[in-house]
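Below are structures written as structure tokens.
The same chain A turns up in both complexes below, where it pairs with chain B and then with chain C.
Up next is the complex of A and B:
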């Protein structure tokens, strides 16, 4: 167990190639579960390669447990790694797979057996020792990979998209398990994933990575509800992004194409006339009664265009004077929202985020997976 | 019956029965009565038949080991280091063997003849006296057999090495395995099935070889197969040749079974099930 740090790490795969990591710094505390999330090509796996010692950074330091390990090869870094493909040894039994690290360290056979039994119990796979990996389900292989990585009591655990090969139900089950096992083992863990749900569910702390740079870092709930950029807003969950102009700074007043919004928190250093983007999460709209008062935050009227029920929630598309809007409501409320119905929407000041960047298009309502352009 | 089963019956089972049947006739010629006397004659001369049988098996096995030693690093290099020129290198391994094997044998003849390039080189580094030669020794036969069957072993091992996932090696590394441990505990066991396949492909024809032995081996390098071919072509005793063929066939099968069982005990996980 130890803390883990990257200091200003630059890395590229070829001398002429573009850098994959651009002065990246992270600081993971002892016992923390740290989640890195980003789209493919953002440098997630490269970070793990640098941490694991498989690739040397061009510049910067890797600090493990207080000492610089930049020149230390993977076999002497004392890290447990769970690979995306699990990378179990196909010719060894489950017990031999889990005991591999101890065998390499020449631990006595009796101790090896005791540790293997303990770890298999920890990951919930007792009495599977004699099986071979190809006789296990994906979820079971995942647990074996986890037990194998933890058996040597590594200084930290690195997880590379560990759940991406599992189907949805088992994936959610494993998220809970992963969290439990990490706590019980008390090990510092770093997970990289492209799955925002996974990152939000697992991390004590979350870092959003894009093009080799940290875009935002913080507690998952905080990063989700207070995105500081369009990228973070759309990559983690969905967002309504609306173009706006700063009308006044103190007290704040923002103009969304004629519609005013009061009492919002502006980015630092904002000045009157700045072009900004206003971001509202689809599930943060409240369906307000038509009381006529103009509260703080953002209030507007919109017409339901389509409703799509997906289990617990319903996803709605609405037409408004600001263009198309996305609204997510609990399924119990869907009955009220038939096509063509006019509703009043209100978002509290705390749910309306003013982002420094101007909007690219006049209006857009985006989702993380499939951005939908504005259709007036 | 399925067509494939019929084909197997006609091309493998029936000829094998004929071979056993001919071996039980009294030679020479194939019109004698069934007496089994050729078996008695063979059993009566263990210093000739037994000695040559053992030599054939040992030469075949030694040639197989030699091909593994050369082919293993070759296969590794082909799969891990020459990604771009791989087909070219594979072709270079195979192309010499597209010519007649007789040509290859005579090429070897020139190479190891007294004063030939190989002997000259060995003399140059002080490993041989001028005038020394490998020609007409069992070493010449061993060298020839290993060279002749090398591409088969390269192919068998290449297929096995190519299948090893790099992340499995990374995993071993992260668990503290150094280069030797990774080889010993991961790479080697994972190539055992390939070695076993190579063993069957190389050992079987090598142990039964006779042309190589006749041209390069002299009396020192005479093999069991040489004796069989003489029974057919010179002595004209086909029943004796058939009986000897059965003996060689059984000996090869027993030895392959023994090696397989040994490897299966040494690498239980790598050779489980039908692999």
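Up next is the complex of A and C:
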């Protein structure tokens, strides 16, 4: 159990290749569950390889438990790693798999057996010692991999997309289990995943990674409800992104193609005339009564184009003067939203986020104007 | 298929069609059965072409007639003659020593080379694999003649070193290719997992990688042994004069007239080979009683 830090780490796989990690810094506190989420190719697995000691960074420091471990080989880093494929040794039994780390530390056989039993009980697989990995289900293999990584009481636990090979139902079960086991073991844990739901559900803290750089970091709820860039807004959940111009700064007034919005919080240093993007999460629209009053925030009228019910919620597409909008409502409200019905939408100032980037040419805009290494 | 295409025209009369659905099925079953019989016949034909001569030779090795004529009269005479045939016995000894030593060196060097190719050669691995695959497609006769040509040109000439080197060059690619395929399938995560649990690189190799590639190394080594044992062209052109391997000795015997003690020798060799195969199968099946024999065999050879 320990804290873990990356300091300005640069890394590329070949000398002339492009850097995969670009001056990346993270700081994980003792006992914290830290989730890193990003699209494939964003450098998630590379971070774990650097932490695990399988790849040396080109520049920067890896600090574990207060000391620089940059030159230390994997076998002396004292980290537990759960690989995406689980990497269970197929020729060894479950008991031998879990006990492997103790065997390497020359722990006496009787203590080994006791520890293996304790760990298998912790992950909910008692009396499985004699089985071979290929006789277990995916979820059970996952638990064995977890037990094997925890048995040596490592300083930290690294999880590489640990749940991606499981089907949806078991995955949700395992998310709860993973949190319980991490709490009970009291171990610092880092999970990398491309699954935003997993990251939001598991992490004490969440970091959104893109192209080897930290895009946003914070408590999951905070990052989700206050995205600070188009990338974060669209990668974590979905978002309505609307082009707008700053009309006035104090008090703020924003012009969305003729439609004004009042009382929004502007990005720091905004000036009149700045082109910005306004972001509203589809589930944050409120269906307002037609009282005609113009409250703060964003209010507009729209026509329902299509409704798709998916279990607890309904996903609607609407046409408005701002173009197509997405709206998510609880399924109990879907009955009111037939095709062709006109509704009034309202989003409170706190649910409308003004992003610094202009809306045009999305990919270029996210690359060019994102504040590099921005941190809360 | 047949039921689906037949259903729509009759679907207007629902009760009738439900009765007809059962109609085409026996026919489909019949076709499947006929197909199965066809394939089985083909399989037996292929097996027959290989095994009939072998069985005939085995039977003839116990037949009293020198010229393989019937009626069959049992005798062990040819085995006694074989025991007294010093030329054949010493040739068998030479062949066994050559094949065993070549297979052993091919196993050690081939496995090491395969590891280097997969783990360290990076982009070169595909090129090397392609070159090795090409190497095993070159006809042995041409290879043997070419090797002798070059050896003579550089002044080495026929001899045991050349025979060993030539045999090794032919046999080792099989070990490398079999082990490379296994290593690529294995990936590096298992070794990384072992490292993260505290194993030094060599320990991780010994406890994790080696047990998992063991069967492939063994099957590659067996291939190397069999190929070296059988490689008549290489023996014929590269062996020093007077050093007759078993295939060469048999060739000489057949040229000068055929004695049934060759049948006896063939029977002994086949029995040893089959026995060895059964032992290997048993070893491969030992762990995990659930897997079928065929899947274990596939694992063993791949």
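Here is the rule we go by: the second predicted complex is superposed on the first by the 360 of 376 C-alpha atoms of A that agree within 3 Å, B and C clash if a C-alpha of one lies under 4 Å from a C-alpha of the other, contacts with A are read in each partner's own complex, and residues count from 1 in each chain.
Following the convention adopted for this analysis, a residue touches a chain if its C-beta (ideal position, glycine included) is under 8 Å from a C-beta of that chain, and two chains touch if they have at least 3 such contacts.
Source: prediction; values computed, not measured.
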item: Fit or clash - chain C, chain B, common chain A; value: clash
item: Which of chain B and chain C A:101 touches, first, second, both or neither; value: both
item: Touching partner for A:142 - first (chain B), second (chain C), both, neither; value: neither
item: Chain B versus chain C as contact partner of A:277, first or second or both or neither; value: neither
item: Chain B versus chain C as contact partner of A:52, first or second or both or neither; value: both
item: Partner chain in contact with A:238 - chain B first, chain C second, else both or neither; value: neither
item: Partner chain(s) touched by A:132 [first = chain B, second = chain C, both, neither]; value: both
item: First (chain B), second (chain C), both or neither touched by A:93; value: first
item: Which superposed partner A:193 touches (first chain B, second chain C, both, neither); value: neither
item: Superposition clash, chain B versus chain C, among 21-29, 39-47 or 129-137; value: 21-29
item: Shared chain A contacts, counted only where both chain B and chain C touch the same residue; value: 52, 54, 73-77, 79-81, 83-85, 87-91, 100-101, 104-105, 132, 148-149, 152
item: Residue ranges of chain A touching chain C (in the complex, touch as defined); value: 52-54, 73-77, 79-81, 83-85, 87-91, 100-101, 104-105, 132, 134-135, 148-149, 152
item: Residue numbers on chain C that touch chain A, as the complex places them; value: 187, 189-190, 192-200, 203, 208, 211-212, 287-288, 290
item: Chain B contact footprint on chain A (complex, rising order); value: 52, 54, 73-81, 83-85, 87-93, 96, 100-101, 103-105, 132, 148-149, 152
item: Complex contact set, residues of chain B against chain A; value: 165, 167-168, 170-178, 181, 185-186, 189-190, 267, 269-270, 272
